[in-house]
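Chain IDs A, B and C follow the sequence of writing; residue 1 opens each chain.
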Amino acid sequence: MANIDVGGKNYETDEEGYLVNLTDWNADIANYIAKTESIEMSDQHWEVINFLREYFEEYQIAPAVRVLTKAIGKKLGAEKGNSEYLYGLFPYGPGKQACKIAGLPKPTGCV
Amino acid sequence: MSESVVKKFMFVNRKAPYGTIYALESLEVVLITAAFDQDVSLVFLDDGVFQLKKSQQTKAIEIKNFSPTYRALDGYDVEKLYVEKESMDARGLTEDDLLVDVTVLSSAEIGALMNEQDVVLSF
Amino acid sequence: MLHIINKSPLENGSLDNCLRVANGGEILLIEDAVYAATKGNAFESKLGEAATRFKIYVLQPDLDARGMSDRIIAGVTAVDYGGFVDLTVNNKNCQSWL
């Protein structure tokens, strides 16, 4: 177990930096985690993060990268539903990095 | 992936959702298997049909409600969901009670499908 | 196809459920399921009927352990651990009815 301090409050994370309590999440925490991942959050980043949050709300899992890519393509258009675009935003993987910023658990099957 | 062999995997789900961990474990293995582009089918038999019951509310028992995840299977290209009619009948359930689209088959049809599989995983 | 059962049919529905769904093939009774293959058991007539549709095996070490090897039902074949392995190898696939 580890902790992060955001806005004077302390939040629990696991060893890899994923939030332990999903309900803790807010935009400040997302920005904080993004910074630790060397990511400057843009509207494009937020679009993916919000998509992930909605996906989790509906299905109770973080999607596998392949599934996320397809679902984003369906909702936001083919120019965004591809690996180049998503890895451009999240170089260490949209599943791993974006889920962490979105305050979700690691995707099932993601090592 | 063009050279890889596609095998027929069947997951046989026969336990009710929250009394034991089988249902959740099966679902997790299914999601992982879906990444390998295999021919995956899910069968719900006996108390396993209760896994697909609509309107599960688990807040008060403090166990995660994983039933919404069955609706994500389509996005994982897991489209073959079979439910045995005799099991549903014996539990007072109909197709309308289920939270995903399924194919309802008789015992004999499920048995025949099972014989065709390369791998059968039991939960 | 091989079907494996490990619970007594008098306390658990797995054998009944297997007999309802499975479409021929072989059944191996192990652990507490071996009671299903013994004379005088309430399941005897059902097992006799099943023997017309399936080839039925019972694991000898489990029968021995329970002191039941002298009352195995006619038509059921006892196998040792080597026989168990042969059954799993010789069938295309296998389902354990948990």
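As a convention for this text, a residue touches a chain if its C-beta (ideal position, glycine included) is under 8 Å from a C-beta of that chain, and two chains touch if they have at least 3 such contacts.
A quick note: this is a predicted structure, and the numbers were derived from the prediction, not measured.
S.K.: If you connect every pair of chains that touch, what shape comes out? Choose line, ring, star, complete or other.
M.R.: line
S.K.: Ranking chain pairs by how many C-beta pairs touch, which one is first?
M.R.: So the pair of chains linked by the most contacts is B-C.
S.K.: Using CA atom averages as chain centres, what separation in Å is found between chain B and chain C?
M.R.: The answer is 26 Å.
S.K.: Between chain A and chain C, what is the gap in Å from one C-alpha centre to the other?
M.R.: Inter-chain centre distance comes to 50 Å.
S.K.: Starting from the mean Cα coordinates of chain A and chain B, work out the distance between those two points in Å.
M.R.: The separation of the two C-alpha centroids amounts to 28 Å.
S.K.: Provide the list of chain B residues touching at least two other chains, using ranges where the numbers run on.
M.R.: Answer for chain B, listing residues that touch two or more other chains: there are none.
S.K.: For the complex, give me every residue of chain B touching chain A.
M.R.: The contact residues of chain B facing chain A are 28, 31-32, 34-35, 64-66, 68-69, 71-72, 75-76.
S.K.: Sort out for me which residues of chain C touch chain B in the complex.
M.R.: Interface residues on the chain C side: 1, 13, 17, 20-25, 92-98.
S.K.: For chain A, which residues are in contact with chain B within the complex?
M.R.: On the chain A side, the touching residues are 58-61, 63-64, 66-67, 70-71, 108-109.
S.K.: Within the complex, which stretch of chain B touches chain C?
M.R.: 12, 14-15, 22, 45-46, 84, 86, 107-108, 110-112, 114-115, 117-120, 122-123
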